[in-house]
Amino acid sequence: MGRFIIRRLIWTVFIVLLVSVLTFLIFFVLPSGDPALRFAGKQPTAELIAQARANLGLDKSLPEQYWLFLKHLVTGDEYGWPGLGYSFHTRDAVLPELINRARVTGSIIIGGAALWMLIGVPVGVISALKRRTIWDRGLMGVCLFFVSAPVFWLALLSLLIFWKKLHWLPGTGYVAFAESPGQWFAHLILPWCVLALLYAAIYARIVRANMIDVVSEDYIRTAYAKGLSPRRVVMHHELKPALAPVVALFATDLGALVGGTIVTETVFNMQGLGNWLLIAANNNDLPVTMAVTIVVAAAVSLLTLVADVLLAAIDPRVRLQ
Amino acid sequence: MGFIVLLVLVALFAGPLASLIGHGPNELFQNDMLDDFGLPKGPNGDFLFGADASGRDVLVRMIYGTRVSLKVGLFATLVAVGIGVVLGLLAGYLGGIVDTILSRIAEIILSLPILLFAIGIVTACGASKEGCARGYVKPGVTLVVLISAFFTWPVMYRIVRGVVLSLREREFVDAARSVGAGPFTIMFREILPNLISPVIVYASLMVPQAILFEAYLSFLGLGVPDSIPSWGRMISDGSAIYDVAWWLIVFPGIILLLTVLAFNLLGDGLRDALDPKSDR
Amino acid sequence: MASRRTHLALLGTVSLVGVLGIAACGGSDDSSSTNTGSDTTATDGGGGDVLAASDTGFSTGSPKAGGTYRIATPDLGFTGGFDPSAEYLGWAWGLQQQLLNRGLVGYRHIGGTAGTEPMPDLAESIPEPTEDGTVWTFKIKKGVKFSPPLNREVTTKDIVYAFERMATPSVGAQYPNYFTMIKGFKEMSDGKAKTISGIATPDDQTIVFTLTKATPDFPYRLAMPASAPIPPEVGKCHTKAGEYGRYQLGTGPYMIKGADKMNISSCDAQKPIPGFNPTDGITFVRNPNYDAATDSKEQREALPDVIDISVNTNEKDVFDKVQAGELEEAAGLSVPPEVARKYVGDDTLKDRFRSNPEDSTNYVTMNLAVAPFDDIHVRKALNYAVDKQAMQRAWGGKLYGDLTGHVIPPVLLDGDTSIDPYATENSAGDVEKAKEEMKQSAYDTNKDGICDAPQCKGIVYLNRNYGAYAKITPILTQNAAAIGLGLDVKELPTGPAYETLQTVKNQVPIATNARWGKDYPDATTFAVLFDGRNILPTGNTNYSLVGMTPEQAKKLGIAYPKTPIPSVDADIDKCNDTAGEDRIQCWKDFDTKLMTEVVPWVPYMNALHTNLLGPAVTKWEYDQDAGESALAHVAVDPSLQK
Amino acid sequence: MSTDSAPLLEVTDLRVHFPTADGVVKAVDGSTFTVRRGETLGVVGESGSGKSITFLTVMGLINRQSARISGSVRFEGREILDASADEMRGIRGARIGMIFQDPMTSLHPMHKVGDQIAEVVRTHTDKSKSEAHRMAVEALREVGIPSPETRARQYPHEFSGGMRQRAMIAMALVMKPSLLIADEPTTALDVTIQAQILELIDELKDQFNIGVVLVSHSLATIADVSENVMVMYAGRPAELGSRDEVFSDAQHPYTWGLLESVPRPDIRVERLVPIDGAPPSLITLPPGCAFGPRCPHARTECTAEVPELRDRGAGHADACILATEEKGRLRAARMKALGVTT
């Protein structure tokens, strides 16, 4: 177990490095992706551009720039540890902003995730237990609808209805919890719901399929042959194996969402990581792009690791290799 | 299924349909359909689904949008399936170092933040007419197809590899091996035919994913150019003024939803029909 | 690069044409309770006298001092980290000049002509130059103090230090070119001198500039924020590009919130001022050391206690909040047309929608070195073919811009709007005239008015990918197609679009992603765009490559077209050497020549700047100089805020 | 061998029909047999012959919504076919224990073996957790699992196949039921393990004086441990009788086929003959004798009506319409053809 985790952590570091190198390369093959131009004023002279380039450290060779980036990442810089430098776009230190925005993205993901588990798992279980009934067909129809509906469209539609037409909600944007818990909630409820509906639908379908597989397992027949009540069979024998892969999937999805809420954040005007990344990519803001990419890659890798460990904890058959 | 046939027909006969309506997909009706503030007018007898912010017929653009969605859905899936099946076969059958390397690559691709790299690649390839990769990759539908395929082939790869791993030990493979068939003959003549049903099932489920992916990219302004109507892009353009022009997001959204829904249903149906394990 | 920003500094006289264009919504004779114009009486607020609104301003009820004036912007967008030495964003200039720091020369910060007249600010008066216009001697006011924690009086040494910063390359100053005519400036920036020999301070109240040549517009240049005093004891700690932006101390009525708590005992002890976070926003609070007696109310009323600028990237959200009274204003954003439509159509709201000349030109730029635009007839044909009215509508209609047919905004040509060599009915384009022109082109091989050579197809057309720009795309594509020009659309985000266009090697044939405003009340700030000597491999702003020589082309690694590229370098030099009335005429002739003999652009609109005022705004002015709201003259009624 | 006179389990004319979209599947169509304490009934038949369904029905594990069930099942003197779900739960696991074919999949993979056994105790009694655990350990010991305390705390995947089947038996017998139904308990096991398990079942039968049903597709499996044998074909008993009767004097051509298709230690066979053809569709059974189409001795009378199970005396019954003398002749001819020497 310990060795497994260490090996996987090394793999995570490798992935993060690889992703950072790829990001770095993509950034520099971007045509005329020279952020220095922006700092050279309206009528740049060759000297001004060169100066701006030197100020941003862009005058050094690519490997040297990357090496400096790595060095700062590991040893920290004037803005703290890990050293992520300052934004080419705003000149603000990346690290504190990264933390701020991670909070926003975290609020969206955690709330949405809680909601989708609360909806998705029971719906999947009920559907499987009431298999082939009107309940099952109805719920699965609704799930298929939400699996097929584009998130950005649902988001816009929900804003149109609940904000613009019904005036039930205060609008878009993020309000910090510390500022006003009520407003925090009111602003997050729609993003949560929109995010949750898609994933709840996916999860309900998966849980249902798993449940149906499990129900036909021999050990469920054994359980009935033991004289257990149907309730006990469901709760004690069917749920665990049906949900074990879902728990693992859940951790993986959480990781993927750290970078996957771009659309949600854009529509709901949340200043999260995804939104930041989009702005950074549009502005050739290398340090921000690198920081977010690394966080996202690390989150995905680490949560995949968490998923594996969780699965091993739930299912004694799984051994961590 | 009927809906998909209808979509294909609409895509094929978009031109005649548009001329029946009398509006081209990029024809601007600025004077008729935009007010003094340049804001579009809603559905009326002539423009059943209203006009967009440039004064173009939303219905006609939706009809043409069918083409992009179907093209991306179909070709992205074909490419991803092609790569996934070939590599999955190789990895599953040959095993060893080939399997290790390919599986690692698949794992890395699956752990990349897709949208981020899509943004990067689109920006890199979309900046000049020549595109990128020596001009083989041109911005637009092709680029969307390739990006979508690039990020989805590992899914197909994993499925095929898994199936091949279990097939490899089966009797008919042993039999083929015993009569001296080479690895490639076995892979493509003996094992490949057995992959058809799982591949069809999962491929049919990749189609709606690819269609949605195009919509997402287009929504973020990274998809096809404006002159090629795309549902995602239409919704994106409409999102700026959805409160005064609801028809810009409602109609393209519904058609996108119905299309994805239809393909999902088709995929589910195929799975039920072809996969003996599934049981609805 | 700054040309992408629409709110650029502008000096000089302003035509009232644009202002009259919005008279319908800014009129003072309507029945609402709102009063605009000079008939508004000043009312006594808690904070003292409040000036009447100017012709382009707004005031209602009884504007009072106090309260928090809240602004949201999608992006602070600072080009130089808000460091006064480097910052080149017009809106940032407005903040520096009106709120934070007083320079020798300032403005009234109101709309129209009166808003661009230079006035003494820190200086006691604007002197007449001596020695054939090469020596300028300024005296500064007494009793002007820096904000806490510095608390000391300003001396002319602080002004010298500001200039020395501009001559220090590491600071990354973005417009030192306006001061290179000061004696010894170049020597210092080249590292050959430690100080600027042409600036002397006989005493703490006097500063003498010695120039290498007569510069009649020197006072205008001194109004630019980089020349305002900077305290060396803080500034010297921050000579990296953009860094000082978060440590700056000034003399204006406001300071960045928390500036007074900064520990300036040593460079290491200094921490960034908390009230300014480039990603989240910036908050200004009153500077306790500001003495209104040393200033004039004409320049700064400074009514709100706090001015809070926050970042909100969702345009829709911003304007919803402005309408709801959760914000007073948006900055760096044009009012969405659907909001304008609502306000203009409502008598109780229409005065809160403001539209003022921005004095910039929107245009289609064509590359003279790339087929088929290397043929003047093709360029002329496109000028006829473009439906400018449709393009105006794409921006939001008449309240968002005045149609134009030439390069230099009329305001710089004495309000002359007569130059329009390709006039069409309603400016809607004329395909027949366009075809007539196209027939004369070598690219129309069968002379039917349709471009039919292979070069006419797949022409890359660069544009931005959002907002009104995106709406231009189908219009230009359709207009060009009418004369056989097949445009291959390339849409990019703002930054990459600019960088693509500004890199000569990309040889973008045609683009609509750029706009141009100017820093200077003179047509020369537009002429630079056509100066062949300004062509740079990257960061090039002569997008049309006007005046490029075969030698330059070779050096840039691009092909030189068969038809020689015309040059207007001599015309530019001639106008720059001309003074007085003749100068205006010279620029008019230059503009006419550009439009008839060079035809690098299809100019289509002079933009109007739109502002939406929230319900709590009780007084507002347009700053013609910054092209944005004049925060020195706004007031808010906290009881109306939400 | 002690034998109670009252039957422990008495099944009469049991029919289990599943209506489906394609027609009614007659999985069990008239099954009749009895099991007594201390006796093992071996049930033999090909897959699809209805043997598993028969005993799942006895256990009450067939969903009554999806099946039409008729006939009679008397257990310990009570009719249980119409018992309530609660009553059946009280019988399952407590009075009737059941073990299944594949011990690899029949134990819950995510629960500890001891817990799974203790769960039976906890379900049927008020015993405390520790008491239940103690009983589970005891049950493991009784089925011959070494160091049962440790084993009880392990998961099924840590057990070998034979150990798992032993654990299953422990689970089935922990409540000391009167009947053990073993549905192909050895099919999935290695040959050497098979014998051990069968031996274990036999021993436990004697030790606890319980009735055992041993379901198998192979006569050879049940030969050594069954007192009585029932051969099933297409949902009906083809032949029923004591082991010795059935093995030495088989009356049904299907039983002959089964006997000839397996090697037997008591008869030397020169070659083994598989039964031609495949079991019939349970939806459209052939008219008359269901084995008719595969029977080399079938004649037109066979298709007339479904043959009844006829008792030939001494508890030996068969469902073939042919006359006893003729069957003797046919059987002798077949043995000769195979070169069997007794």
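Letters are used for the chains, namely A, B, C and D, taken in the order the chains are written, and counting of residues starts over at 1 for each.
In this section, contacts are C-beta pairs under 8 Å (C-beta built on N, C-alpha and C of every residue); 3 or more make two chains touch, one makes a residue touch a chain.
Treat the numbers as computed from the prediction; the structure is a model and nothing was measured.
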| task | Ignoring subunit A, split the rest of the assembly into groups that are still joined by touch. | result | B, C | D
| request: Return the chain label for which the distance between chain Cα mean and whole-protein Cα mean is smallest. | output: A
| note | Note, CA centroid farthest from subunit C's centroid sits on chain D
| request: Quick one: report the Å distance separating subunit B from subunit C, using the average Cα coordinate of each chain. | output: 44
| message | I'd like to verify one number: the distance from the centre of subunit A to the centre of subunit D, where each centre is the average of its C-alpha atoms, in whole angstrom. | response | 55
| note | Whole-angstrom distance, CA centroid of subunit A to CA centroid of subunit B, is 22
| If you average the CA atoms of subunit C and of subunit D, how far apart do the two points sit, in angstrom? | 93
| note | Each of the following residues of subunit A touches two or more other chains, namely 30-32, 281
| note | Check: subunit C positions touching at least 2 other chains come out as 316, 493, 496, 500, 506
| field | Full enumeration of touching chain pairs | value | A-B, A-C, A-D, B-C
| task | Show which residues of subunit D lie in contact with subunit A when the two form their complex. | result | 59, 61, 89-94, 97-98, 100-102, 105-111, 119-120, 123-124, 155, 157, 168, 171-172
| message | If we count contacts the way the header does, which residues on subunit A are in touch with subunit B in the complex? | response | 15, 18-19, 22-23, 26-27, 29-32, 132, 144-145, 147-153, 156-157, 159-160, 164, 209, 212-213, 256, 259-260, 262-263, 266-267, 274, 277-278, 281, 289, 292-293, 296-297, 300-301, 304
| Can you name the residues of subunit B that touch subunit C in the complex? | 26-28, 30, 34-39, 53-54, 56, 123, 126-129, 139, 221, 225-227, 237, 240-241, 243-244
| Residue ranges of subunit C touching subunit B (in the complex, touch as defined) | 315-316, 336-338, 340-341, 387, 390, 393-399, 458, 460, 465-467, 470-471, 473-475, 477-478, 488-493, 496, 500, 506
| said: Residue numbers of subunit C touching subunit A in their complex, please. | reply: 1-3, 8, 75-76, 78-81, 86, 88, 169-170, 172, 174-175, 177, 240-243, 245, 277-280, 311-314, 316-317, 320-321, 493-496, 498-500, 502-503, 506, 519, 528, 534, 536, 538-539, 541
